[in-house]
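Pasting the structures here.
You will see two complexes here that share subunit A, one where it goes with subunit B and one where it goes with subunit C.
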Partner chain A sequence: MKNRKLLFALFALVAMLVLAACGGDDEAATTEAPAASTEAPPASTEAPPATTEAPAAPTTDVTVGLVFDIGGRGDQSFNDSAYAGLERAGTELGVKFTEASPNDDGSNRAELLQLAADSNPMVIAVGFLFEGDAAKTAAANAGSNFGVVDSAMLDFTKDPPAPYGDNVSGLVFAEHQGSFLVGAAAALKSTTGSIGFIGGVKGVGGLIEKFEAGYIAGAKAVNPDIKVVSEYITEAPDFDGFNAPDRAKDIALAMYEGGADIVYHAAGGSGAGLFEAAKTHSEASGTKVWGIGVDSDQYNTVDPAVKDYVLTSMLKRVDVAVFEIIKAKVDGTIAAGPTTYDLSVDGVGYATSGGFVDDIAPQLEEFKAKIISGEIEVPTDPAAA
Partner chain B sequence: MRRFAELPAWARWALYAALGVLLLTIVQGFDDTNRLTAASSSQAMLRWGMPILLAGLGGLFAERAGIVNIGLEGMMILGTWFGAWGALNYGAWAGLLLGIAGGALGGLIHAIATISFGVDHVISGVAVNILAPGATRFLSSEIFTGYDGGSITQSPRVPGVGHITVPVLASGPDLLGDVMRADVFFFSDVAGLTRGLATQLSLVTLIALLLVPFTAWLLWRTRFGLRLRVCGERPEAGESQGINVYRYKYVAVVISGGFAGLAGAFIVSPELSGIYLEGQTTGRGFIGLAALILGNWRPSGILIGALLFGYPFGVGLRDLDGAASHSLLLVNAIALVGVAVWAHRRGQRTSTILAVVLSGLAAMWYLVAEEVPDWWTDILPYVIVLVVLVFFTQRLRPPAAAGRPYRKGEA
Partner chain C sequence: MNVALGRRIMWATAAPLAALLFAVAMSSIVLVISGSDPLAAYGDMIAHARKLETMIDILNRATPLYIAGVAVAIAFRMNLFNIGVEGQYLLAALVAAHVGGLISLPAALHVAVILLVAMSVGAAYSGLAGVLKVTRGINEVISTIMLNAIAISGLGAWLVREWQASGSIEPGSATRVGTTPIDESGLIGDLNGVLEVFTRDIKQGKSLTGVLVLALLVGVGYHVLVNRTRFGFDLRASGINPFAARAGGVPPKRMIVTAMVLSGAVAGLVGVAEVMNVGFFPSNPIRGLGFIGIAVALLGRNNPLGIGVAALIFAFLDVSSGVLQFTGAASREIVVIMQGVIILAAVVAYEVTRRAREREEARSAAAALAGSPA
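Presenting the complex of A and B:
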């Protein structure tokens, strides 16, 4: 009798673990993956890209309906950055826009997209989780253009992969190029000849590996003998790695204790643990070590107590992408399929807040120019870096 | 052998621990690493073990009073949010108290559902686990978004309470440090591990560790504890003796939630995260339940279970070159040999064979592979829990009435 009860308790426990695992993945996939796939900077911190046109009395009848990712406005990253791009389109191009946020589990994404398509010729969905719903809604609404942030919007079941439809565009970023620049910055600034990389989740379609590859390549371009220690917090399908500042902190501490003095993270929310570790180790050892942020200009978003440990950040400009796709719609040049926002359009870049990389800015700008001209080709696979 | 059994419990445990350290010392030599017995490893073990320990103790209170608490995870989540909110507004110590209060609130919901309304314990627990993240998301959107550095999913940096370093042993004369640096086989390893425990020990960790003997005293040495345990074994018997069973069950489940809440507050404290972030508990409430079962519903057993989880997790996390994880494989193989011997002497043939096979597999993997993949260190703590449960289930003794519905006057 007792044994049977125990078995039941064990069964319940196992069942709960399984449920928890599923639930966890689900949640991570919906709320955190975009963060990892990287957040974007508050638009105010950077000079507007060179593509900006003189604001001549804007008139257009294009209207935009934007659907946020889970979390909605006020997340200080991805969604806020998208909104900044929308606002800029409003002032510079004169487009009118409406916005909507999905519910807690994102189950009403398709309905919100349809709602936006009903009254707008341009619909923007923030986050790759919209991929499936956007493809379907676009097929039923041929009169509207759809832009999805962070998804190529290619149907890979076709050979060769083709866009889901003539009215579907994907907004993707050359994260490896931005990572190259912060890798170069790390190598230039390192005094120990050893630097680190912390990835959030391994094996999400090579997404985070792109950051690692660019980072290593950039560091080696400066110093071929540099030692780069890489570590991933979890492996897919365990998405806890984007949510675990405590684990990132321990990994970073181990890297600093092992001699690395600059560590770059591409781990979404876990990154807070990296800067915490930089502060802890700097204070305990008396030698200053650094962290490098990702997606947004983290010097401006982390707590004031740790911001002096943020050397620079790899920026992913969702605001630029959103603005550019709206502009293409207004100009009538919008194209189906993926558009990559790379260094040449300032779709990615590095942050200068704090002034810690001012002394090496000339070298970084030189690398940037070489990448844009094609002289340096940045790998996307760590094995090739 | 008889002489060994006559030793006091602390001496036996000290011998077991020494034996374990000796094993680690020998094994790590083959991989040319000293990470298994480094001071940072014992510190990591404590850090990662504490939330499990506190959740396990929480589960202990509830189950000893007859209520299965599968909602520990949700109560822990409430603890993280309220812990962060309290620490940000009223200081680190208030954060711990408010974390406890937040978890206790979750416990109260579970208590009302299961005790007053007779809801199935598992269903009510699942409900708490679903309710908690929704509630904290709402609270974050109402409160943390207004903070500098806060957002709908995270809080600003959370302050922590102080640390102590044991004088003479680890600072000042630093006796343990001297032994550690002398590099004498085994003794330096013991000194290193002990020094890790005595250096920069967080006051929260200290409190969590002291809660183990306190819980044992409260539940097994006081009238309150006896009555509480009666509610989990034979509530009808307690009722016939005039015990207000409902009241004891309520108190127990609220305390249970409080413990889980403290575990949550520990997770947001700088000891681990230093920030509130949605989803950061990553299932540790459930691991606390596993530690409870692994520890045979006893405080000291739960402590061992929590450390058994924290050690491989902490070591694996800090093991950048993979050498320590590789060594741990051989430790597993040797430990399984021990299990096989133990099972054989009890005449359990199936267990013996299973242990020998598993040990052989681990040893083979150790010999064949130069390094182990990252995912192995990620899952190792869970594998240990499973192995222990498989082999020692027959010796476990849960409270007789745990999970059983109780209605006053139906005896």
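Presenting the complex of A and C:
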């Protein structure tokens, strides 16, 4: 009796560890590959100086310590986009950088920020989950600047809200504006008059709801009668929704079967499941359905087998933001508090890779111009969309 | 007498030591294969761990792990497998933080109420699995796994939404969602003052959690309960042989429910460490402590001291993952590999030493018999 129990306990434990290891494996594999290229860029930068505008090799004392969100590099989305900005800063500004990812339970965020600050004057944290820890660490490390992606880094307990400290900057995006454009693209491309939205986690201070609101508004701007079905994978405090491709796939399949022919996701790593679902449904039913990616240009980052199902992606240019904040640090113009990256500075946008939206690009550009000029005001609350 | 004690200690430590050595050997092989220098990696880990601030990180991490390990161990002693510590501590911390944020009381009382609520919620939620087992015969492994899902994705999300709708949770900043912050009176202070007496000024704004004291109390309580009370004897007896215990007059059903309730009550304290640290229950709490607690209890052999050592080892490895990445000595996955290998090695080593010990006991018994006048 006892032994059997223990055996079961062991089995469960081993299963858990193996699963954890499998999850890690993917990361390890994808991390390993670019790791090689981390070493490479400085070399390749020296090599073709002809192609870069600045003939003199850029030099600066600024070094950057970047801490990824859970999942780390290789998520084909948010973290990878941040890394692209970091690499560009390495190439164009000559900054050296180190990077790290938190434990799977995110328990060591503060430790990583401290380690980054120990040796770097510029620390970048990728993701709003760092807000509290970054504010605390920044207070104890006045010698370093901290930039947090996706958080305004404003202390809302103060009136009016003020930055947490002189050395804390927030990098935020007008995701609703970008989502408006892909919503419009979806409505222009839909043949069934029904489209879908999959959110990762509901109730995170309205963060993902902003995507939904913009998407619905964009779709309705094209076709007021369009039907938009929305579903969230999980609700806070359950954050699994950002990393549950299997559940995203189930939801997407149900949406496609319900008549939607284009589904947009704002669900981080779960998005892979959406594109798989698009492929599965298209092949089973014979009519092509689409998925829309988020954060980075997912046509280029998804599994090549499903890339032809990526209609477009809502680009959230984390790379632009990361590059700009490093540049500001190098130039000595870095400022505390939030900086919003919106359509006017190409902080958000839509992807054209694959050429699936080339035919409707004029309409999308028209919407874009109207948003920038203020003629269209994009809502951030789905209820108002 | 001393020889016998020495022998006991040797047997008790041989297995974990062997497991540790095996894990280090395996990890070295993995490191070499992945192109890293094991010595450099271990050197970085140790150099980092020798800093006072890192030691604080390790203790802060070990504190909830220890409590979780004890919670699992209590059930293990009764031959029950409480996988539900995960759900129990998250739900308990959520409710306790919410209650703590709503009330305002003198310091000691405020803290006591929060702890009491946390323990009650954990106990009730775990007790549910115990009741299901004795009344309906539902295996506690199945029921606690399901109760985990209900606690994390169901009840937790629902409660937060209800509280938000009723206005008792303020949204805080746009991205920092959680229960209403608890007044200063409800928070257990840090131990920096005590620590600085013995060491130096603590830098980097780190603070040693006061919940560490609570964890030590839990450990002492667990030791006394299991080894020094009638109830503890009944618990161990039922765990070793439920039929014999029953024949000896130990009511099995009551023991099952009590063990689950106690396990859950301790589990309820796991999340208190984080609540006391941030001052409220955040929307992204540290998850998975309940599962690591199972590993910690296994490695520590359900022994109050052993669990402490196991929690410290796991905490040390977790904390090392950061420095390995920044020095570039190894990837952080090596830490997970080491934790996994240690557990597997420990279980194998325990079994091997158990058999070796039984053989030796049989031999010495035979020798004693042969030596006695026939």
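Heads up, the rule we're going with is that the second predicted complex is superposed on the first by the 257 of 385 C-alpha atoms of A that agree within 3 Å, B and C clash if a C-alpha of one lies under 4 Å from a C-alpha of the other, contacts with A are read in each partner's own complex, and residues count from 1 in each chain.
The working rule: a residue touches a chain if its C-beta (ideal position, glycine included) is under 8 Å from a C-beta of that chain, and two chains touch if they have at least 3 such contacts.
As the structure is a prediction and not an experimental result, all values here were calculated from the model.
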**OP:** Check the residue A:P338 against both partner chains and state whether it touches subunit B (first), subunit C (second), both, or neither.
**Re:** neither
Subject >> Partner chain(s) touched by A:I251 [first = subunit B, second = subunit C, both, neither] >> reply: first
**OP:** Return first, second, both or neither, reflecting whether A:G354 touches subunit B, subunit C, both chains, or no partner chain.
**Re:** neither
Original post:
A:E276 contacts which: subunit B (first), subunit C (second), both, neither?
Top reply: first
Original post:
Regarding the shared-chain residue A:P379, is it in contact with subunit B (first), subunit C (second), both, or neither?
Top reply: neither
Original post:
Of the partners subunit B and subunit C, which touch A:G65 in the superposed model: first, second, both, neither?
Top reply: second
Subject >> Touched partner set for A:T234, first subunit B, second subunit C, both or neither >> reply: both
Original post:
In the superposed arrangement, which partner chain does A:G94 touch: subunit B (first), subunit C (second), both, or neither?
Top reply: neither
Original post:
Does subunit B (first) or subunit C (second) touch A:T301, or do both, or does neither?
Top reply: first
Subject >> subunit A positions touched by subunit B in one structure and by subunit C in the second >> reply: 2, 5, 8-10, 12-13, 16-17, 20-21, 24, 27-28, 31-32, 104, 234-235, 238, 240
Subject >> Interfacial residue positions of subunit A with respect to subunit C in the complex >> reply: 1-2, 5, 8-10, 12-14, 16-17, 20-21, 24, 27-28, 31-32, 35, 65, 98-101, 103-108, 111-112, 114-116, 118-119, 128-129, 131-132, 136-137, 139-141, 150-152, 154-157, 161, 203-207, 234-240
**OP:** Would you pull the subunit B residues touching subunit A in the complex into a rising list?
**Re:** 40, 44, 47, 68, 70, 73, 122, 126, 129, 133-134, 137, 141, 145, 148-149, 151-154, 156-157, 267, 270, 272-275, 277-280, 282-283, 286, 289-290, 293, 314, 317-320, 374-375, 378, 389, 393-394, 396-398, 400, 402-403
**OP:** Report the residues of subunit C in contact with subunit A in the complex, numbered from low to high.
**Re:** 34, 53, 57, 61, 79, 81, 83, 90, 94, 141, 152-153, 156-157, 160-161, 164, 171-177, 203-205, 239-240, 242, 278, 281-289, 291, 294-295, 298, 318-319, 321-323, 325-326, 328, 331-333, 335-337, 339-340, 343-344, 347
Original post:
Can you list the subunit A residues touching subunit B in their complex?
Top reply: 2-3, 5-6, 8-10, 12-13, 16-17, 19-21, 24, 27-28, 31-32, 71-72, 74-77, 104, 202, 229, 231-232, 234-235, 238, 240, 243-247, 249-251, 253-255, 257-258, 269, 272-273, 276, 301-306
